[in-house]
Structures are given as C-alpha cells and as structure tokens.
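Every chain is named by a letter (A, B, C, D and E) in the order it is written, and numbering of its residues begins at 1.
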Amino acid sequence: MSTGGILVREDKAQPHSDAAGAVLAVENLHTVFHTQDGDVHAVNGVSFSLKPGELLGVVGESGSGKSVTMMSLLKLLPIPPAEITSGSVMFDGRDLLSLSLQELREVRGGDIGFIFQDPMTSLNPVFTVGFQIIEPLREHLGLSKRDARKRAVELMEMVGIPSPEQRLKDFPHQFSGGMRQRVMIAIALACDPKVLIADEATTALDVTVQAQIIELIKGLREELGMAIIWITHDLGVVAGIADHVAVMYGGQIVEYADVESLYANPSHPYTQALLETLPGHGDHEDGRLMSIPGQAPNLLNPPNSCPFAPRCRHRFDKCDAANPPLFKVGDDQIAACWLLEDRA
Amino acid sequence: MGSYAIRRLLFAIPTLLVISFIIFGLLDLAPGDPTGQLPLTIPPEVREQIREAMGFNEPFIVRYWLWLNQFLVNEPLNLIETACKGAWCDGFVTGSEDRLRVTSWSTRSPVVDLIIERTPQTLWVVGMSYVVGILIAIPIGVISAYRQYSWFDQIGTFISMIGFSVPTFFTGVLMIVIFSVWLGWFPSVYDTTLVVNSWETFWLQVKQMIMPVMVLALFNASQISRFMRASMLDNLNQDYVRTARAKGLGEKVVVLVHVLRNSLIPVITVIALGVPQIFGGAIITEQIFRVNGLGALLINGIQGADYPLVQTLTFLFAVLIVVFNLIADLLYGILDPRIRYD
Amino acid sequence: MAHMNAGEAQQQHRSLWGDVWRQYRRHKGAMAGTIIFLGIVILVVFGSYIHDLDPQFLDIRNKNQGMSWAHPFGTDNLGRDMLAQVIAGGRVSLLVGIVAMALSLVLGAFVGVVAGYFKALDGPLMRLTDLFLALPILPLLLVIIMLFRDPLRAAFGPETGIFILIVFIIGITSWMQTARIVRGEVLALKEREFVLAAHSIGTNSRRIVQRHILPNVLSPIMVSATLGIANAIITESALSFLGLGFPSDYPTWGRLLFDGKDFLQITPTRVLWPGLAISLTVLSVNYMGDGLRDALDPRSRER
Amino acid sequence: MTAETLLSVDDLKIHFPIHAGIFRRKVGAVKAVDGVNFEIKRGETLGLVGESGCGKSTAGRAVLRLYDPTAGSVSFEDVNIAALSHADMRAMRPRMQMIFQDPQACLNPRMTVGTIIEEPMVEHTKMNAKEREAKVQELLEAVGMNPSFASRYPHEFSGGQRQRIGIARALALDPDFIVCDEPIAALDVSIQAQVVNLLQDLQKQKGLTYLFISHDLSMVRHIADRVAVMYLGKIMELATRDQLFASPAHPYTKALLSAVPVPDPQAEKTRTRTILTGDVPSPANPPQGCVFSTRCPLAQKMNDKKCFTEPPAWRELGDGRRVACHFAEG
Amino acid sequence: ERGADGQLNIIYWQAPSTMNPYLSGGTKEIEAASLVLEPLAKYDEVGALVPALVDEIPTVANGGISEDLTSITWKLKEGLLWSDGTPVTAEDARFTWQYCTDPAGGCAQLGQFEDVKDVVAVDERTIRIEFTKPKPHPYGPLTGGQSPVIQKAQFADCTGAKAPECTEQNFNPVGTGPFSVTEFKPNDVIQFAANQNYRDPAKPAFATVLFKGGGDAASAARSVLETGEFDYAWNLQVEPEILTQMAAAGKGMVVSSFGTSVERMMINQTNPDPALGDKRSTREGGAHPFLTDPKVVLALSLAIDRDILVEAGYGAAGRPTCNVLPAPAVYASTANDECLTQNVDKAKALLEEAGWTDSDGDGIRDKDGMKLSVLYQTSTNGVRQGTQALVKQMWDAIGVETELRNIDASVFFGGDPSSPDTFQKFYADIEMYTNNFNGTDPEKYMASWTCSNIPSPENGWQGQNIPRYCDPAYDALVDEMGKTADPAKRAELAKKMNDMLMQGGVIIGLVHRGGVSAHSNTLQGVKMNEWDSELWNAADWTRKK
C-alpha cells in the first residue's frame, strides 16, 4: 500500500487513534534533513498520541529518530537543514506546526517542557542556575523578579536540590551531573507544563543517580499529573516507569504497546531482538549474548521497504517490496511487520 | 584568582628584566648614532664631544645599570613627588633636583614627560579607532554568523578582507585625497594643540579624528569581526542554545543573551591582548595624519638613534604586553565561571 | 556477528587527503579563492614570458603614462613599465609571503608543540613568546641587517641575501600567534585517549608528537598558514613604507604601492594594480584558509 | 580454571597532587585510588564496578603503569612493575594492553585503521611491512571485520566497528592481559552485545585475562568471573559473580544492585529500591572513617561512631569474599 | 602693524626636537629657533651678510676687523631688548661663546667658534672676538642661524654637563627674534606669539605662529598646495611632477633657491674588498683596483645624463653640475663642464683607452680577468633610488655593471664605528650623498680632502675625506688658502682645488641642489634663502588681504 514512498496507514491501526481525550496528538510526521549528501529522512510518518497523565516510553537504538521526532514537535530543529515536510501536531486544539514562531514560543517551555540528554552541555555555562530557571518564568508567566525567585526556590526544592536559596547563585559547573539534570527538570517544570518530554534524561548518568531521577519523575508525575514522553534506549528504565512504549526504528514507530504486553509479547522482530540482546534474556546456550547483526539503516532514501528487513531473521519477499503499515496485534498493541498482516 | 594573579606578576618581574636587558643589548648592537641626524657640516670632533656629553661612550653594562636605576627608581620617585605636590603626602619624597631622569638624546628632555605628553592623542585616535572597530565588528560578526553564508555574511567577509589586506599607508593617502583635497571636509593634519572646551572645538576634534580613526578602525574591525563570527558559529550549535529555545525564549534573547555572552569570552580576551597595540601607537597612520602620538615618537626615536627614548618606550610596551596577557587570562577566568585559577 | 552489508563494502576507498580535497572542492569560496590564487601565481610566474619588458628598464621619455597597449598598466615616474614591475614584484611578494609564512609556521608549531607537550618547558617557552611579542621590530631589523647582510651577500649574492634577511625577520617576528594557538590545541590533545593509547603501547614522546599530535594540530596550523601569507605580504609593504624593505631596484607589491601612493592623482593605475594584487591575493588566500579549515575538520566531514 | 595468579595489586595508591597559593605549594591530593588490593588469576575476568569518578579508570591505568603509583605495588607474574624503569617497562608493554571507553576518542582520526593497528608492532617487533600487513589482516579478521578496511579512516566506521579496531590494536602483540576500560559504555544496546561476545570469544581462543571496568552491572554479571566494587578510591567488596549478585554483603553493593533497572515491568512494579541520597564526596577530601559513611543507609541506621571515625578493615568473610565494612556479614 | 595678520601656519615635516640650536645641530631645530634667537648678522637670499642685532657689518675697511685679521669687533644696536624686556648686552654674546665651548656641554656648533681665543665684552654694546690666528674670513662666530646669541640670565645655570637638563630653557629660550615660544611640544608642534619687545614696533605682522611637524614631504606639500591648511612648507624633496600637479590646485606656489649643496658621488680611492678584513677601505689596504684611474672615473661621469637626473628627481630645485663647489658664483669653476652633456661615445673610448674591453662578450667590460663592476651605495630616499636606477642603466650602456645598495639614513650618516654601513667606512666603490657648507666661505669645506682627514680605524673612522684622496699638492693648496686674505686669490685657489678633485677622478659632481619650499598664495614676503635659515626674514612676512 505504498504510494510514491509515502505510507498510507490503516486508520484503525494508529497508536491511540482515539485522539479525542489526548493532550498531544501527532499525525503522520515527516522530517527531512537537507544535507550535502542528499536528503536524510530522519522521521517517516510517525503518529502517536498522549493522554493526560500518561507516560509514554520511546525506545530504539541510536539514530532511530527519537530525538528528531520530539524536536520536530516544537520545531526545535535547526531549520535549515531540517524541514518538517508533512504531518500535524495537535496540542490544545491547535496544530503546533502551523503556529507562528511567536505562538510557538508560548508553548515551548510553557505548555511543553523539554529535558535534554546531556546535562553537562545543556545548561548555559556562563549564567547562574537561578537565572536559567527564572528566565522561562518571567517569559511565560510574567512573574516579577521576586516572585520568580520564590518560585525558582520552590522548584529547586521540589526536584530535591538541598539549600536552594544559595544554590540559585551557583553556576552549572558547580553541580554534579545528577544535580544538573535536576536543574534541567526544574526548568522544564517551571511553568507547570501539560506535557514533559525527556530526551534520554538519564543516559549520561550513573545507575544510582539514574535511580534517583526516575524516582523523582515518578513522584512528580503523581503529584502534578502531567503527561510525559520518556525517550531512552535502556529497556530496563522504560519497564519501570512507562504506561505505553513506542519502539522506533529507521524513523518510524515499528511497535506500540502498553508496557506489559510489550515485554511479555514483543511482536515486531526488532523489538524481540532488542530484548534478546539484554544479558540474561535470550542468551545462546554457550553463554554468548544475542546480537542484532548489521547496521542501522541508511536514511538517505525514503523507505520503500521495511527498514529493518536487512537485519531481520524472518525477512521474506514482501519485506523488500513495501514498507509495512502498523497492524493491530492485541488490545493495546500494534506493530509494523508483514508477518502480522494475516493476524490483523 | 588573586594568588594566581600575584604569582604571575611575580614571574613577570624577572621576565621583564630579561626583556629590558635584551632590548638594551639589541639597541646597543644596532647601528646608528645619535649624531647621525646632524648635518654633515658638523665636524667629527664636535660629534665626538656630543656623544661624550650624552654618555654614549660609557661601557654597555654601566649604561644599562644607569638606565635601570633611572627608570625603576628615579622616575617612580619623581612621579610620586609631582603627584604629591600640594596633596597630603607632600614632602614625603624630595630631592628631584639631583635625581637623574631618563633623558632623551634628541630633545634633551625627560622621556617620561614626552610619553605623558604624547599619550593623549594616541589614546584619542588609536584608542578610539579600537573602540569604533570593536563596535562595528561585534554586530557584524554576530549577524554574519547567525546568517552564515547569507549575502550579508559574504559582503562582510569581503569587506573585512579588504580592510585587512590594504595597507593603511595607502588607505590613509586615499582618504586624504578624497576627503581633504577633493571634498575639503576634513583637515589632513591633526592639530594636537586643539583644546576641547566647547561644542565648536569638540566638532573640530571630531572632524580631525574621523579619517585616522576610520582608517584604523577598518583594520581593527576586520580582524575582530572574524573572531566574533568564528566564536558565534562555535556557540550557535551548542546544546544550551537548544535548551534556551525549548524554554520558549525569543530568538533575540537566545542570540543576544545566551550565545553572545558565551561567544564574547574568547573575543574579549583577544581584544584585551590587542590593547597594548593602542599604546604602541599606529606608526604608519600617525605619520600619515601627523597625529604625532607614541608611534611617531618611537619611530622618530629609532630613526634618530635616541636610545634612552626607544629603550624606555619599548620596555613600557613590553610591560603592557605582559600585563595585558595576564589581564586577558584573568578576564577569561572572570567571564567564564568554569575556569578557576588557583 | 556483524557482516558488512553490500552497500557499504562497495564504498570506494578514500584517503584522508582525498577526503579533504573532496570537502574542499565543495566550498565555493575556497574554490574561487584557489582559482584566483592560482591565476595570480601563474600570471606572476609566467607573465614575464608574455609581457617581456624589463621591469627595471627606465624609459624616462615615457614616464607617467596611463594605460596603453605598450604599457598595459602604464609607467612610473622613471618610465618603468608597471605591468612588468607588478609581475616581477609579485614573484618577490608571493615568495616572501610563502617562505616567511613557512618559517613562522615551523617556529610557531615547534614552540607550540613543545610548550604544550612538555610541561616543564611550557613556562619558559611562553615567556620567550612574551619576549618576542615585546621586541621592537625596527631596531631588530637594523641589527640583523647589520650583522648578517655581508655574510649573506657573500654567500648568496646581494638580492637573495636581502631576501633571506627580510623573510627571516618577518618569520621570526610573527610566529607567536601560531605558537599560542598550537600550544592550546596540544594541551587539549594531550589528554585525548588516543594519546593515552599510544602511551600504553609504549610509544615514546617523540613519536607520539610525530604521529599523534602534529597531524591533529594540522588544521589550526593550516589556517595560520593562510593568514601568515597575507600577514607577510602586508608586513613587507609596511617595511617598505619605513624604508627598510627591499632595495629600490627590487620591486615588490608593497614597495610599488608605497612608491606610487603620491602619484595617486597623476597615474592612479600605479597604485590600483599593486593594491588590487595584494588585496586579491590576501582575499583568495583567506578564502582558501576558510575552506581548508572546514575540510580539515573531521566533524564537518562526517556530517 | 587453574588458580595461577597473573596480576596482584597490593595497597595501590594513586594521589594527584593539588597545588595552590602564590608559590604553588602542594596543599592536598585527589585520592583517586587509595589503597586497593586485588589479584587476577590467569584466564579469568575481574569486573570492576562503581559510580563515575570512583577511581576505576585510574586504577586500570595504574595497573598498566600509565600512572606512577604513589604507593603500593603491582606485580605482573611476580615482577613489580610499579618499580620498573621506563625501559624495562617498555619491554613489558606487549604483554599487557588496554581497550578504551570511547571508541571515537581512542583512535587517532588522522591515521588509517591499518596504521593504527600496526603501531604496536612497529614499536615492539622487528616485523617488516609485509608481515605487519599480514598480521593486520589477520587481526581484522579476528575481530570480525573485513580486512580490506585497513586503509580506511576511523570516522568512516560505526561505534561498534571502531571499538573492534581498538580491540584489534590491543591484540596486536598477543598480550596476556587486557584492561577493558568501559569498552561498551559508549555503544548502542544492539552493538554492546556484539562487542561483549567478541571479547568472550577472544578470551576463549587466546586464554586472555581481563580487568573489565564497567558501571553496567548487568553486563558485568554476564562477563565477569569475580567482581570488585569500588567507591571513592577504595574497593568495598570483592567476590565471585554469583555470590555478589545473589547476596551482596556491603551496603553499597546492595544499593548499587537495587538501582539497576530490570527490563521486566512486572518485576519493576514489585521491587523495592534502596535509593542513595546525596552525591559522592570529593576524592580530594574523603570522609573520615568509612568513605561510604555519608551515604550509607546502614551507618545511618546503626548510628555507630565507628563508621564515621574508623576506616573499616579489608577483611575476608567466611565464604572467601572480601569486604570493607564494619558490619557486613557473610 | 604688529599682530594684524593673525596666525601663520608653518609645516616642517621633520619636527624640531628642541629650540636650542647649540644642543642640536639639525637644520630643523636651527630654523625653528631662528624665529626666536638671532645672530649678530644674517646671510640674505644672495649670501650677503646683513646686520641683525648690529648696525653695520665690520670690515677691515670700517675698522671692525683688525689689520692682522686676528679680531673682529661688533657693535650692538641701541636699545635692544630680550623678549622678557631686559636689555641685550655684550655679556650675552660672551656668555654664548662660553656656553658653547664648555667641553662638557656637547655643543653642536662648536665648529663655529673654531680658533676663537676670547670673546670680550668691551662695553655694554661692544663685542670683540679674538682669534688665535689670522682669520681671512672672521665672520664665523655669532653670525648665521647656527650661532645665535642666547640670554646669559636664562642659561647661566645651564652650562656644561647641566646643559641638557635645562629642559625648560632649551624649549623656551628667551630671544630677540620676532616671535617667542608659548608652547613647545618636542617633535610635534610649537606655538609662538609675536615678541612684544621686538626691535621694530611694526613687526611681525603675524600675531601667532603654529609650527607643526610630522608626516612626509609629499603630505606637507599637499597641505600647503592642495588643501591650503598651511602657509609654508619646508624641504619638499619629492618628485617634481608631484609638486607641479599639486601646485596646479592654485592654492600656493613652489619656491626654490640654491646654496652650496651638491649631490655628488664619492669615488673610493682605496680597496673595499671584504677579503681585506680590517684593512678594507683604508690606505693600508691598497689602492682601488680601477677607480684610481681618472680615465675610468671620467668615463663614468661622461656616461651620466645629468639633465635626466634633474628632470626625474629634482625639477626646478636642481641643476646639473660637474663641480663639488658650484657656488657662490666666484668660486664656481667651468673647467669641468664637458660632462654636463652626456657623451657615451667618449666614455666608451676612454674606457677602451684605459684597457677595459668586453673580452668575454657578456656586456660587461673587463681587464686582466677583473670585471668593471661597481657597488654603488647611498641612503634610503625615493629620489636617490631613482637616481641610482637611472645611473645604473646609463652605466650599463657603457659596459659597467652596477650593484645598488641603499642604507637607512640613520645608519648611513650615523657614524657608528661598529656598523659596516656608514658613509665614512665606505665599504663600497662609489657612494652618493649631498653635502654643503655653512655661510659663503669654502675654506674649511675644501680642507676636507686633505691626507690628514682620511677616515681610518685609528681615528675611529671620523674624517671628512671620504674618498680617501691624498695628494701633497692638494694639501699645499689648502695651507695656502689659510694664509690668503685677498678674495680674488682665494677664489682662484678654491677653483683649483675643485678642479683637482674633479679631474683626479675623486668626486663626480651630479646635481647642484637647491632648497624647495612652498608657500600659500596669501603669504607675502617670503625670500627663499639657502645661506641661512629659510625663516630668516619671517618678521617681514605678511598676509595678502
């Protein structure tokens, strides 16, 4: 069902197709990078939606398009070279992609908070932490300096930074990695966003600190009730906190499911393989680990076939002929693999 | 940071002594003679006597020691004495009558007085051109980087390359021909006696400064705008810029607050490193517009083999270079909170 | 086990310099710069075979001429052909630029690498840099001319002798910037893991510098090089202004421009052409530097 | 497995001096490694785990004498390499090699893969160019790469491939012992497995001995025979893999294990975690007494003065494991 | 009327460094000082002595000079005042002599007081200068811009070693001239105001003078001729066509006048071969291999087209000459005028005659395996380099190879004995520069080329006989002139000496150079003067309304 390289998907097989109650609904998002070597198709028809209070985990190996997808939502990509070629991002009844930059700015940091992967470089090194937390407060909530300061102290307390009054005056380099990530979270939460996007928020951190941050996010989510998108490539992390999980590969969502079904019954070969690579999960008899052969796909061409096909152990003719749409597998589980065509 | 600065300054003392010795040795080796400028009609015996009177024939070490003593002891004492005249510390230091000061051979007047006399016009013209250069360069650098490869960037690059590549002795003459000879807008000769005390004189001062300042500013701006652009480009791709955008800040704030502040750190240190050049004067420009600042003083001294003058000027210049190197390093530490000297 | 898929195995083999060249070719400014620069070089080197007037021939009856077929760039106040002088001057200026740049580069890179790599030498070498920054160039020039002109003249003949002197002086008074930049890079490189890896193999310091440090400071050095050429050409012209450059029968662009500046209103072409030559050279070299920097930066190549 | 000890580390200390003041006097030291003891038997893999900054890399490098130890000894086959002259040490280098964390940073971007791999041979053998080339091909083959890649540059490869190049370089001189300093931390999940498999295969083929530094406990569990847990320059616990993961003795080990996320939603829901509070103290100014005391749940609970004043002894529990804690029991 | 014409703007691109001509012998200082300090008598534009502080010029006829020529007596004008209002007395003149002859003072004008035994203040207004020996020309001391009278009261404490320390006095001397200093910035700018006590109440016409320095000759000319910012510019040694073009702007005019300056080539009579080491360019080192042959030198001279040199480099400020002593007119020889017209054929013939032929066909003549190749040096200066290039080409035409060298002026004329590049060391075959003499009497000047005056290591290379010429006959003529008082006889002797030098192949005269200055069209009364300060009559300058 592929026409001109752009996939037409069956309506019923949309992640949370009931976009009615969703805070955020992404529809058929396409993002392209125009580079000297040609166009890189980083995101190819991603759709999903997010209910209030829901935590969506997004997993996939490096280069699968997780970050680009999320940054496309708020047009945080460098344009050019990036271009969002099609799709819609419905938030609060508006399409974020068609907003003016001015309107979009109100959403950024106001309604949608963003946490980035590397806490070491994501904070501006020459401004105090206080300044950086206060900035969005003044920008979006129009608070006075005093009020903004007070709120900043509250926020720092909330994310668990001891003696916040003094630490406001400190510079990022005076914080440890974990603390910095807390500051990033405080900034993202500053204006009570409805949606929080955490892009590999704990990848750069130690296990112990990661555990601290995850606990923190869990607590905050219960307390504030916001929807969260949690991007990671650590399947363990997602298992602990997510409600739903989207598995991305080659710029597409290849499987989407509630967390239990996904781990109990992974249906896409890629998801299966990913889980098997974990030590103690699908080890060979001789004690060797399972691994996925081959390399991540070259995104220079729009996908006309299943992007995972070259590495897939179940590959058959159809895989090379067309890019599979998402098929419904279970109640709350869909996957894009021609093997599942019959089941759907 | 304080102890770092002190340590560097302590290290600077032997360095500067070595530098002063080397400069002195260099000047001693240099051919040339203070009587070389005199007309050939003056007979050799007279020349010999003149040299004798200047102390030119003393042994090298003696002259060096004398200079060192005069410059490092007598001159400061003298400065204190004059500064104190009439103030609370009057009389603390006395005896200026028999203190030998560093005396220029060609003018027979104290070198330090000459330097003090020349400093204002140098600061006005060269300093102003530096400031103007910076003021032009920073916005150009910022815009060129923000719109990399746009027409603005290309033109900016082109002009700054021209400014960098055409010697000031040519731009200077060209300006004089156009603005003084053809248009008659600005004077071609800088009047150092002008005292600014009214709007009218201020306007005169502005008029006579425009050409030299512009010639030099073009040159300065060319260099600094290149630095600025490179630094901006480095920073525009940093993660924190994305963070700032994600916070919903406007482009203006993102670029002019977050990126600019970071980009300025290396540029400001480069600027600080260039400051000694201001005090060194711009020899060629000063000559063309007859500003007669420190640069002209130096070149006159060199041409007239006025070694006490050249020695003192170049040594002061060396001090400034060492001090501003330190200042640049310290500035880096101050501007960039990540850097701590200890 | 990973196996290389077909598409990848087909990738034709590329060398580092091939890569640099490929990237360089894509840089429009750099290519334009290269073409112009090569054009200038060709003109200057082979121009005298086409335009074969003697640049030193004085045709006093034809002085201060404008442009004409016989003298495309006109003549100067002694009747010398300007085109021939620009061509001859270009050879000297370009050679001064390239040789002085090479000298300052070698010095700067050496001091920078040694200071950056050997901690004990850092302080002394940086003080030495301060010293050179503080040295007054003009007296230095006079001293060097006095000390070395005659031996050099005896060894190389008068023209090569003074050429060596000027190049030497420009070289030894302009290496400091390069040294600082290189030192900074080396300080950072020294901490990189591949240097540690070389240590763990047991490679000695000399070879670490040779194999691992030097190639990686190449890109700042290259950029310094392009700036250095421009700088040397300009410095030479300033020396001409102060009367300390080449002898008068040894034209250089800087000297032609200086000699011609007072004739601006009589024969404007006398300053136009050398001025244009200097600007175009500096400009093209600078664009080449920009391109080189981009091309040598592995980050930009990987994109 | 024969119990022949290949390498033993005895009370190793690496202190980096801190200078301050006008005269740059030494005012203290970063105690990156502060008295560690362990030994590795021939053919086994010792895992070394701990949080960032606890001194794992420093210890690993000191074992290869890339740092000169402040105190203590490192004996490789009964030769104390900490005291060797540089020339003698150079002769030892071929026997012990290192694999680095960041496959990008550890390869010189301006050398071809071939030259990178042959560098150790140039340094230490008298092989001619032909022989070296043949050996490079063989090594590339051994790490599962196409031998024709020898003339390419590192930036043309993916992270996993680059790490293989690093491994090939480490293998070039047929060492006995390899320090793997977080060889998989910078790699993607799907590639980590490939590299770990490769390391294991090589160990089997060549009888290699590894010191495997990592903070990924699940991977250590997979690959290591014994595991040492480090905290702030000291080893807290050293035990066989099964002992350690089944019943950790040291409170720090317990906390560390509990922080590891488990890729099983069911298990995650039910399990209780010990979340350590606060940050790791500065190694320049470690706490008095037990270095872990400031964050130790046990110390807080017991509230015993000993924890805060007296460094715990490095003692052996009944079942052969060793631990540095006043209260730990087998 | 005094002060009616406002401000006079003068530009001297080389700026004065002091106002005391005794401490700096530089022309720029002497000229600047001449606005303030005056001698007893000045030279006018034709070189005649005119009274300044005196009423009449002493002569033997009027009894001012003693019969035995050993003393001269000057009588000051009546009622002369210093600018500070105190009277000028003979004591001041005596003091001036004492000041300059103090051995520790380093006086630059010592030469002016040569052979002076005493300066006696006979009475308030009468000054008698006594000489140690008869002086046929006794007008040296205290005449001309080089030796003005300074005020005793002001400089009494500034004698000897203290002279250089008296900055205030040296910068602001009290004088009798038309102006007095109001502000002095060394090497930059001087401001003057009319001297209220000037002897002529109607003068000077200008109330103030701005005396600016800096830049170069061309830009100084531009500021008078093209932009009109300045009224008077001095020493405009630039290519003539530039001056012509600038003058076309119609704002000012170029003026010139001739004194005794001659651009000449000195021909090294000794061997400058570097192989000689210390004996290089000394008489011990032996004679020059070929330049001691007058035929060769004459050939070189004949090969030069002096008209072209003048046209290219000097314009109205130069005339071809074949003499080293071209002026005053009575001393100018015509015996050598053959070389005024270029004669290539004769030059070639002379060389053939001397045995120089191009035997190997490379275009350069040779003899006994030696090439006719000369090293020709001069100081760095645009016009000189032009001349060098022209000469090189002209010599090329007769088969002489020339290597050019130019040396920074401060080094060339610097006289540093350790430098190989000074004009005294003369490590070249030929060198070119300009020299002249003060006043109108050539006796001392012509005495330069005696054997005892040869620069050598023994006398620290100090000596004015640059070509190292040594001929007892010449020395005898010098002696004779010292004893001759009769003007006609003196002229005869001077011409004879000049001809010996020229025909002996010691010096090649090239261009008789004049001073070139420019003044604005509104400035009246300028009389260009090469015998004294150009500003000698600034008191008479007025502004055209």
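Rule of thumb we're sticking to: contacts are C-beta pairs under 8 Å (C-beta built on N, C-alpha and C of every residue); 3 or more make two chains touch, one makes a residue touch a chain.
None of the values given here were measured: they were computed from a predicted structure.
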item	value
Neighbouring chains common to chain A and chain C, by label	B, D
Of C-D and B-C, pair with higher C-beta contact tally	B-C
Centroid comparison with chain A (C-alpha atoms), farthest chain	E
Chain centre separation (chain D, chain E; CA means) in Å	87
Chain B and chain D, separation of their C-alpha mean positions in angstrom	55
Whole-Å gap between the CA centroids of chain A and chain D	33
Geometric centre distance via CA averages, chain E-chain C, whole Å	45
Residues of chain D touching at least two other chains	194, 197
Multi-partner residues of chain B (each touching 2 or more other chains)	29, 31-32, 173, 181, 302
Chain C, residues touching no fewer than two other chains	1-2, 142, 146, 262, 265
List of chain C residues in touch with chain D within their complex	1-2, 4, 9, 11, 13-16, 19, 192-194, 196-203, 207, 211-212, 215-216, 218, 298, 301-302
Interfacial residue positions of chain D with respect to chain C in the complex	61, 64, 66, 89-90, 93-94, 97-98, 100-102, 105-112, 119-120, 123-124, 144-146, 148, 151-153, 155-156, 160-161, 166, 169, 194, 197
Touching residues (chain side chain C, partner chain B) in the complex	29, 123, 127, 130-131, 133-136, 138-140, 142-143, 146-147, 230, 234, 237-238, 241-242, 254, 257-258, 261-262, 264-265, 271, 275, 278-279, 281-283, 286
List of chain C residues in touch with chain E within their complex	56-58, 60, 63-64, 77-78, 80, 142, 145-146, 149-150, 154, 158, 243-244, 247-249, 259, 262-263, 265-266
Interface residues, chain B side, partner chain E - complex	29, 31-33, 35-54, 103-104, 106-110, 113-114, 117-118, 173, 176, 180-181, 184, 187-189, 191-193, 286-292, 296-297, 300, 302-305
